[in-house]
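A, B, C, D and E label the chains in the order they appear, each numbered from 1.
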Amino acid sequence: MQFGIWGVGIAMWLVFVVTASEAFTSKDIYLAFASSTPLFALMAIPLTLIVITGEIDLSFPAVMALSTATFAKIYSGTGNIWLGFAGALIAGTLSGYFNGWLVTYFAIPSLVITIGTGFLFRGIELAWMNGSGVGLTDKELAGVSNLLVGRSFFGIANQFWWAVLATIILWFVLNRTQFGAHVFLTGDNKTSAQLMGVNVNQVKRRTFAIMGFFAAFAGLVASFEVSYFWPTLGEGLLMNSIASVFLGGTSVFGGIGTVTGTFVGSFIIGAINAGIVASGINAFYTQVFFGLVIILSVIMQAVISKKIKR
Amino acid sequence: AATGQWCKGVKIAAFPGGPQGGVFANNVYNGYRQAQRDLGPTVKYYFSDWDPAKMVTQWKEAIATKPNGIAMYGFMGPEAAKPLVEESFKKGIIVTTLNTSLVDLQAQYSTQGFGYVGAVNYKAGVDLASEMVKRGKLSAGDSAFVWGLKGQGGDRGQRTVGVIDGFEKLKVKVIYQEIDQATNTTPASGGPTFAGIMAKNPNVKAVVTDHGGLTATAATYMKAANLKAGSVYFGGFDVSPATTTAIESGYLQLVIDQQPFLQGYLPILQICLTKKFGFSGLDVNTAGGFVDKSNVAVVAPLAKVEIR
Amino acid sequence: MSGSAPVIQLKNVSKTFGEVRSLSGVDLEIYPGEIVGLLGDNGAGKSTLVKTIMGFHKPDEGGEIWFKGEKITDWSVAKARDLGIETIYQERALCELQPIWRNMFMGREIKTKFGRLDVKKMRSEATRLMSEHMGFTSTAVHPDNAVLTMSGGEKQGVAITRALYFDAELVILDEPTVGLSLSETKKTLDFVQNIKKSGRSAIFIDHNIFHIYPAVDRMIVLDRGKVAGNYKKSEITMDELIESMYRVARTGSIKE
Amino acid sequence: MQFGIWGVGIAMWLVFVVTASEAFTSKDIYLAFASSTPLFALMAIPLTLIVITGEIDLSFPAVMALSTATFAKIYSGTGNIWLGFAGALIAGTLSGYFNGWLVTYFAIPSLVITIGTGFLFRGIELAWMNGSGVGLTDKELAGVSNLLVGRSFFGIANQFWWAVLATIILWFVLNRTQFGAHVFLTGDNKTSAQLMGVNVNQVKRRTFAIMGFFAAFAGLVASFEVSYFWPTLGEGLLMNSIASVFLGGTSVFGGIGTVTGTFVGSFIIGAINAGIVASGINAFYTQVFFGLVIILSVIMQAVISKKIKR
Amino acid sequence: MSGSAPVIQLKNVSKTFGEVRSLSGVDLEIYPGEIVGLLGDNGAGKSTLVKTIMGFHKPDEGGEIWFKGEKITDWSVAKARDLGIETIYQERALCELQPIWRNMFMGREIKTKFGRLDVKKMRSEATRLMSEHMGFTSTAVHPDNAVLTMSGGEKQGVAITRALYFDAELVILDEPTVGLSLSETKKTLDFVQNIKKSGRSAIFIDHNIFHIYPAVDRMIVLDRGKVAGNYKKSEITMDELIESMYRVARTGSIKE
């Protein structure tokens, strides 16, 4: 179990409750977290699987945008919302699969190739949309909008529940399916896994496809949240997602990781900025503190994990 | 004079300023494109992501392709621009700028076609702040939250400085916050930050977001902070379809628009005029004016196609 | 023995890595119930041969692999294991960051009938196997422990136990006693005998002729990628074999 | 030798000579590359060493800015140019060393911790400069400016020669010193290296310090090149630097890499954008092609390297 | 022998990893010119002991390491090697992506007098050592080849040759013959004899008592982290030793 990350999360929360008590003792700030953190948590969670196989994906912000563009184009072309929805998810999954195919077929490190595909996907999207955004305020879209980003139970945003669902599903996939077992083996020692009959390339392709699927879903969520599809969608979410995965205790070297750790990690990342500004630290010092909090969290998480293991 | 695409054969390098698909840059780009379609020159585009170093690099590369004119949008500073302007004119390339005035160089090369189209950023900032104090009925001692990009390169940051100065001149207390990286590119992720600020400072009467994307996301922020539409006076910059929706729904009160489409269209026209007919540089102020509930209906359809 | 088809048969199998030719034109058959010793100097190609049989390496153009009288075209490790071939690799093939139970069932995880991973069963089976079969004295051996911190011999124990678990028709042991203590070595040699008793086959690689000779029915000597000798145990004494091994190492030829 | 990357470079150049002949047959475009590519090549080259040890640095753009701020502050405070110059290099080296210390002392993956220190350094710089830039046009600065970014021999920018010098020095360090030998061993197999007496932690700290030193130097070069110090300095250079290192054939997994490969790789990256625009491909398609060129280069480089090894 | 100070001496050395106690209160001394065999079951702590002697593991509080009669406080692998202790580790300690010559001189690279790395010398020395000492038959052995593609025995050859190169005062061999062919094993055993002849010392770990017994002067038996026996060769016959090893494995006690 990832006790480390829970320890860090609780410690940080206690600090903020003291330093920023006006904000952190009212429920509004938590509702705000519930609505904004899932925008990147929904991608950090599947990214965990990729990182466990020893790979990385830097192209998912572009996949977000490309698949949401697919939704916008299909919807404006056919007027069919669910066709657009399905189209977006398929576009995302295929983009992810394409990444996985490049990585495995040519045996190229994903860190490099997904820089390339990131530009490619973003370029295709921009060229397709001609750089313009699309409003998502049509009456007909109210249903899907409500489903994705509406508010339910005590005003908690639906995207929070989607992130919880994603965590549960991917926890199951990772820990209770053969595919999940192979994800760990692939990242731990590729050659050993191959010698024992694991199709490591197929495993990798599938993790990338899953990533693409979730990136597409996150793209729709993020766009409906602001009722507008920006062609630059996703650009700022890369660092947050990656930081969440690693803060959550997943190893950069592969073979080790949990989706629950990532889930908690993403809420820590999501809370830092608000906590700092609500503590009354203003302007440029926020970045100083943002950096310090990340550094301290990572250190604490490393120290606590080691303590518990011993 | 010729009719139709009378500028055919003229080669132009155009800088829309920001990233591809960026909020403001895309309107400028649309202006360039419209002029290109109307007049017929060959235009190559350089997107600099508002990065001064990249602008300089791209300018050099543009010179290497030997165009007839360069329409430059970007805040790289007069020190960096000077040698490039000089080199361009030496090679017979007409330079004209948008939104970033290079006063001395413009004076020197104006007869050779160095023009200027745009609004003055600092002044736009001051204007918005003063107008908000007036329309939002703020009085001395009230506080306003300014969420901007003071740390961003040069002239871009000047607009935020203008807003702050504008408020402070009228004795309104300013709470300033720099826009973080994630929010800068994905405005929706700024919800908790906004909520945090508003919880810490419950007596804030007015909010300015100095960023087109954030301004368009006003409604989401207000909801995140559990504030009712109109409970604070919310102002911002640049018009986009989402912005007009926010005005209609009452979460956003006032937007200042500097008509970026024109800022793209006119420089192409001017380079063509100078190239074909030898006119000297034009100096045009596009500072557009305010959009609020009263005139949003007119602007909205144009915003949808990114003309306004 | 020669009545039934060989469990596995290689015909003219070569394997080249870049400019290095590790196997050239190897013909080989293993019959049901037969234990075959594979001997040869370091770098002779024994491990390469094993990995080719397992489908990890694809033989060069022209080589054929036959399983029980049928020519196999799309050979892969997963297929080989499904058909009942298990291997204890020289490099052990462990995933060291993973717990013992995951290593034990690597590539052939136990599932419930709904396809769900049966983690509980795998854990308890791993516990049982480690204590029953290997009987380690160290406290470090718990099914949830990562393999990483185990001693060399303990790791080898995991690899051996794993091969036992799936009642294979053909077990390949590539230097299995390496790093094992006296008593563990004895257990492993006993295990090879059990394979024979239950009528299954094995290929047994070991540099220690005292291990090989008593255990096997037949011995194949590999030299620089070629089959240099093939003896029934009845045809050669242990001393003759040792003598001929030294001769190969010295002169590169098995003939006197 | 890295033949792969040379093959890729030459192939790409030939394509551009054909598709964008006006630009690529005149010397101006090469002079432009010589002045702009070193801005990130100067950091990609030392980054190669870090990557060979199996680590990464994402904070160097912030180190660039922080050390140039140090220069600006010292110079404006004391009027002493060389003191400022030395101060900047020291600030950069210390920042890098701090990264290395965090990585080795807490055994934290650098990919995570340098995200944190990146924010920290950037925040300190912004707070220190209060977000404003500084002009570098004083008469007194002409000497240092000329040294760093002046033009010599056929109008080639001095920063090109600095990048060449950096390549030569770091080639020597990597291939002809014991420290360099240990860089390879550390990245290849940390435990083996430790068992044989290599102080892997010290090796890592030193590679990070070297990175910091060069980031400071690159910060001064980039600022003098535009005669202005922007507080956002460096932000656009991260991806280019990283892509250059990997394109140059350095392994993401550590243990393998060359600085000459990185040098060539950085010029490929530097030329792609200009080449595409000059080929007459318009606006939004540039990103599509940028992505394609990166992908194809990486694939070609992988294929050629394998061919030559066989 | 006992006249001079021991080359290395451990006093009350324990080593705990989390909850696993791999060594407890080990006292041990190796005298100049002495070859000591270290025996024990898998997981007994032999390799941990070796790594503690080398300074890779720091002993728990209270343990002391003495070198030639001096207590050492800041022990490290680099220091141990500088003082003349070389080890052939069980895990070989190779950097597999690197060429053979880099592995050969790992941690103790040859430098010219200006501190410049003498790559040429290292390459040629590596070539000489590989052919003179190990005499491999495979074409894959070239000083610029990466270790990765070598066979198991070839890799071991690199590790052994490396330890020979630096004329060490104390050589530690942790299961060095593992994976070696008959002729290579013989060479390695000869090498242990040469250490003795030249008056240097060695610690020799091997599970094969037929390798150990003839080679050593004294034998230390380790059981679950404790020294369970310490015999001069004159005090015990090979059969008695084998018998007592089995007894330890069965009953956990060396006494009858």
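In this section, a contact is a pair of C-beta atoms (placed from the backbone, for glycine too) under 8 Å apart; a residue touches a chain by one contact, two chains touch by 3 or more.
The structure presented is a predicted model; accordingly, all values stated were derived computationally and were not measured.
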Higher-contact pair (C-beta pairs counted), A-C versus A-B: A-B
Greatest separation from subunit D - chain, by CA centre: C
Between subunit A and subunit E, centroid-to-centroid distance (C-alpha), Å: 49
Length of the line joining the C-alpha centres of subunit A and subunit D, rounded to whole Å: 29
Whole-Å gap between the CA centroids of subunit A and subunit B: 32
Euclidean distance of C-alpha centroids - subunit D vs subunit E, Å: 44
Where subunit E touches two or more other chains at once, by residue number: 19, 91
Residues within subunit A bordering two or more other chains: 122, 126, 131, 239, 251, 283-284, 286-287, 290
Interface hub residues of subunit B, defined as touching at least two other chains: 20-21, 29, 150-151, 178
Sites on subunit A touched by subunit B in the complex: 20, 22-23, 26, 28-29, 31-33, 35-37, 39-40, 122, 126, 129, 131-135, 137, 222, 225-228, 230-237, 239-240, 270-271, 273-275, 277-280, 282-284, 286-287, 290
Subunit D-facing residues of subunit B, complex: 20-21, 29, 42-47, 49, 51-54, 56-58, 60-61, 63-66, 76-77, 79-80, 150-154, 157, 178
Interface residues, subunit B side, partner subunit A - complex: 19-23, 26, 29-30, 150-151, 175-178, 180-197, 199-200, 202, 213, 216-217, 219-220, 224-226, 240-242, 245, 304-306
Partner subunit E, residues of subunit C touching it in the complex: 17, 19-20, 40-43, 47, 90-91, 136-140, 149-154, 156-157, 175, 178-185, 207-210, 224, 242, 245-246, 249-250, 252
For the subunit D and subunit A complex, residues of the former touching the latter: 102, 106-109, 111-113, 115-124, 126-127, 130-131, 239, 242-243, 246-247, 251-253, 283-292, 294-295, 298-299, 302-303
